[in-house]
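The block underneath contains the structure these notes are about, expressed in structure tokens.
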Amino acid sequence: MPMNEENKEFRPLIVAFCCNWCSYAGADLAGSSRLSYPADVKIIRVPCSGRVNPMFILRAFERGADGVIICGCHPGDCHYSTGNYYARRRMALLFSMLEYMGIENGRTRVEWCSAAEGAKFSKTMNEFCEKVKSLGQNVRLGDLRCKN
Amino acid sequence: MQKIGVFVCHCGTNIAATVDVKKVVELVRYEPGVVFADDYMYMCSEAGQEKIIEAIKEYGLTGLVICSCSPRMHEKTFRACAEKAGLNPYMVEVANIREQCSWIHKDKEEATKKAVILARAAIAKVNLNAPLKEGESPVTKRALVIGGGIAGIQTALDIADAGYEVDIVEKEPSIGGRMSQFDKTFPTLDCASCILTPKMVEVNQHPNITLYTYSEVEKVSGYVGNFDVDIRKKARSIIFDKCTGCGECMTKCPLGKIGNIPSEFDRGLKNRPAIYMPFAQAVPAVPVIDRENCTYFKTGKCGVCSKLCPSKAIDYEQQDEIVTVKYGAIVVATGFDIINLDKFGEYAYNESPDVITSIELERLMNAAGPTGGHLERMSDHKQPKDIVFIQCVGSRCDSEEKGKPYCSKVCCMYTAKHAMLIKDHWPDTNITVFYIDVRTPGKNFDEFYRRAVEQYHVNYIKGQVGKVKPQPDGSLLVQAADLLDGKQINMKADMVVLAAAIEPNPGVRKIATMLTASIDNNNFLTEAHAKLRPVESPTAGIFLSGMAQGPKDIPETVSQAGAAAVKVIGLLAKDSLKTNPCTAQCDTLLCNGCSTCANVCPYGAITYDDVQVMDHGLRETRRVAQVNNALCQGCGACTSACPSGAMDLQGFSNRQITTEVDAICR
Amino acid sequence: MAVTMKYSYYPGCTLKNKAQDLDRYARASAVALGFELEEIPEWQCCGGVYPLATDEIATKLSSVRALNYAKEQGQDLITLCSACHHVLKRVNDDMKNVEDTRTRANNYCEFDEPYSGETKVLHFLEVLRDVIGFEELAKKVVNPLEGRKIGAYYGCLTLRPGKILDFDDPEDPKIMEDFIRALGAEPVIYSMRNECCGGYTALKDPDFTKQRTAQIFDDSTGFGADCLITACPLCMYNLNKSDASSKVPVYYFTELLAEALGVKEGA
Amino acid sequence: MTQLEKNIEAIKEMSGSDPYKCMRCGKCTASCPAYSEMDIKPHQFASYIIRGDFEELIESKAAWKCLSCFACIERCPRDVQPGKLVDATRQIVARSRGGDYLQPEEVPGLLAEDLPQQLLVSAFRRYRR
């Protein structure tokens, strides 16, 4: 994101993957309850947190995202029974690998948020933004094939 | 290249107050693929929709992006609108600029910027959308209920009354299940047989219900609306149509007196002949020959029943028969049993005949039971004066080998029932109940338990019993502690009744595997959603009824049975099923047949097939995954698990999501 | 069955002194049954009780040495005393399954090869049941103990904790009853058979131990026992000290075994 | 972590048992052959530890009256195994205060002629560090 010359404040770019059944609905509830969180968060709707392929996250970092958060249904509540369990295990592994590559753990997060938890969604996003902000701009993950 | 129209909604001031709608229109106009962009006060209104339809026709639009409220609100509306104009409804994407933008941001410049980014992401996605067609699969208008207890009976009756055909498969010779073994029911104390038997008869006479008793489900294939089920009808050794149920054979079977074959129905408290009906009110009233024990089958000699049968209904040559039937829906109502108590040696269940389980007590209290309803000790046939009840035997137990981690839910109530029934018949009996917690949530339940204490003076003591010690004088010494009074108790009893933990019928594992219905660690069937879809299995077309899903009492079972029936009726009422087109697809050229996807699929929608593929000019046979679109629910678990990238999800494809990421990160 | 099976044998402190009968009759019976007990040289006392605190290590080392010795001989390790049986099996389980204990014990002991629970520990009764077989034993009995009604007194240490000792069902054991049947006598089943005799409290609270043993005698004789058998020297001591009116003789199980096998006199 | 939580953690570590799993069913206390001798009953050990009443536990004679017969350990439905908590308490007392229940000087007076060595060894292990 280009920085505004006058306003030196760093604004992170955050991609949030939200599952259609719980957390996307939770985000809608945060909206209808007018519980604000920074505009830095952009949500992508996926059917299930288990749909989030690690490639999407790598892509986001590669393209300059400063933080990525995956939100799903609470354990045991997954609309598809088990998708969030897979997501949880997959992301634990991916995040530790990302940390090894220099992308701090604070820039990645998995959170459970139900359709009724608008307040939690907003709070989570605020916290996450603060955290990513404190870490500063992300070092770009470069894919040599994508270099132009 | 798509021709995309972008429509930005003001939603009155809901959006327009924080997002500069006009600016959004200007900025997205030059996005790749966009040929038209406009804004309107209320996009979802009739006039708004009209605007969309006109634009589709005028500009030959192939894709739509609506920047408005949440897709959870109006995606359906706009898809229908597109369809009206002849556009495939799956060519529509919604950018959520209300709930996820205008409503949560205050700074107009910031909100406008975000709205543009969200619109760009949606536009990028639509560029990759492809028309999708909802599939159709026909529905066989017949249901199968597995299990003929109260849960299965009620479900079958409700479905049959709605006009659909139902088959019940019951592995025992008679329907009736556990409830038929009970004496009275809580909290009203009406007699179990009096309320169950009429329902059993109704099932038998219902024109829409077919009974397969002494039968088991052998094989299941197919999917929702189209199951093929093989049912094994075990050989009864009786010609069904000839038998009049007169019972002559059973009374004359020589093994009735000397056979020592324990009656399953009476929980081994009584013996039965080798040709038998489990109980007098059995439905159907046709006996069965227990070939394992029958002298004729063991030695080829005897044949008494065959000689005496007035209707010549005995057929020793009968074979098991397999019938294959098509069903649209399947209900699992396999019920429960109590756990094996071998691991609870401290309670002397195997050591003393006077230590019994609650189900055995039901039989001992039942007028049709082994003692004609007279409560007596099995050791000396004396009427017990002091009776001790032990709660939670194996329930709430951390050790997997010994018990179950859950509360069995019904024991507190049936124990209060037993205590009161005994006191009603024999008021000078002393009854002590050792409990950990008394749990009585339910209508009129706590009142019921309090009645046992206040009116019947049943002695409730908090503290689990440590050991039951059979004494030389034939009594039982119960060693316990009263935790509230702080003293150890050594109490003599004539009879000890154990509230053994409930577990799902052990046969359910096999059935769940056949149905690809998931079960939990305790072998209870899993619901599609614990709160919102409690009577459906995650596998489409499979429904749950009764204890197979979790511990519950009779009224709860009946309500759940009705709920399951409604879900079945809702399914059978359709002539065909529309299938969600956002399903997974396998690229056979990339698939390496590793089975990873099938392992994560919660619906059993993935199978494997050998296909011929051309790879670099070579013809090869490969084992590749195939997705059954009728079963796939579109969760995408397989797509993230697939190591070779062969699995993709229509409507949320890898490329579509990646391009959204790119658009956001631009 | 091999011609002569050889076992490493861990007698323990008491069998060398106050409980010589338990040891002596076992050796004689083993010969009669065709197996050999090779006493481990320089064995050290097991400590009598298994330390429940997870960070204890020094008190487990003597057992580890005995276990390792048996491993080096390539033999199973046999014990007779309930306490040794209990301690050895539990320490062996720790060496197999508790990494911390295994690492530290090996650091102390410096064996040629680290020990990690390879040895199989057997109670003498388990050899009779699982290797010889009670049916086989019954065939070798020359003086069946006919007409005797014998109560098996298990106590606590032979059975519990059932999961680790894997000796028999801790609440409803059968091994000693089957043993009694094999000798031609009739077992008496009574519920105090697996209840504690009072154990080491005999040292400072002898009155309490007497209450416990009186209950054991009352219960067993109530069911008609004319004598009790035990595998534990401490149970033996406590039962013998009893002044209960229902008191009956108490024998080590090996004594009755030797008697039935006709080797008691020579032992 | 508060100091209390640390202490509880230490006991959990030493005993290999989790007092929070206790559901107060009392099967241990019902089974305990030394019930009459124990001033704090087996089922209470979990609550004393959770509350942090370590002083009272240390002062009590219950830890010395436990027979280590493992009946509570065998029967506990929650895998709390109170006997292990009792033993951990005993260890804490013996290690921290040297408050041994048995002094070597006492022994000659307690010896009986046929007393098995096992008894002395066990008692020393149990009653002293």
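Per-chain residue numbering starts at 1, and chain names A, B, C and D are given in the order in which the chains are listed.
The working rule: contacts are C-beta pairs under 8 Å (C-beta built on N, C-alpha and C of every residue); 3 or more make two chains touch, one makes a residue touch a chain.
Quantities reported herein were computed from a predicted structural model and do not represent experimental measurements.
With contact taken as defined at the outset, chain B and chain D are each touched by C. At the far end from chain B, in terms of centres built from Cα atoms, lies C. Judged by contacting C-beta pairs, the busier of the interfaces C-D and B-C is C-D.
Distance between chain A and chain C, defined via averaged C-alpha coordinates, is recorded as 63 Å. Chain C and chain D have Cα centroids lying 25 Å from one another.
Chain B and chain C have CA centres that are 50 Å apart. Centre-to-centre, using mean CA coordinates, chain A is 35 Å away from chain B.
Counting partner chains per residue, chain C shows two or more touched chains at residues 170-171. Residues of chain B found to touch two or more other chains are 346, 467. Across the assembly, chain D contributes residues 71, 75 that each touch 2 or more other chains.
Every pair of chains in contact is given here: A-B, B-C, B-D, C-D. Contact residues on chain B toward chain C in their complex (touch as defined above): 342-346, 348, 350-351, 401, 467-473, 477. Looking at the complex, you find that chain B touches chain A at residues 70-73, 96, 98-101, 103-107, 110-111, 113-114, 117-118, 121, 518, 526, 528-530, 538, 582, 600, 602, 633-637, 639-641, 649, 652, 654, 657-658, 660-662, 664-666.
Contact residues on chain C toward chain B in their complex (touch as defined above): 163, 169-172, 189-192, 219, 222-224.
Contacts from chain C toward chain D in the complex involve residues 12-14, 17-19, 45, 47-49, 51-56, 59, 81, 83, 156-157, 159-162, 170-171, 195-196, 198-205, 208, 212, 233-234, 236-237, 240-241.
Of all residues in chain D, only 13-16, 33-34, 37, 65, 67-71, 73-75, 83-84, 87-88, 91, 101-102, 110, 112, 114-123, 125-127 touch chain C in the complex they form.
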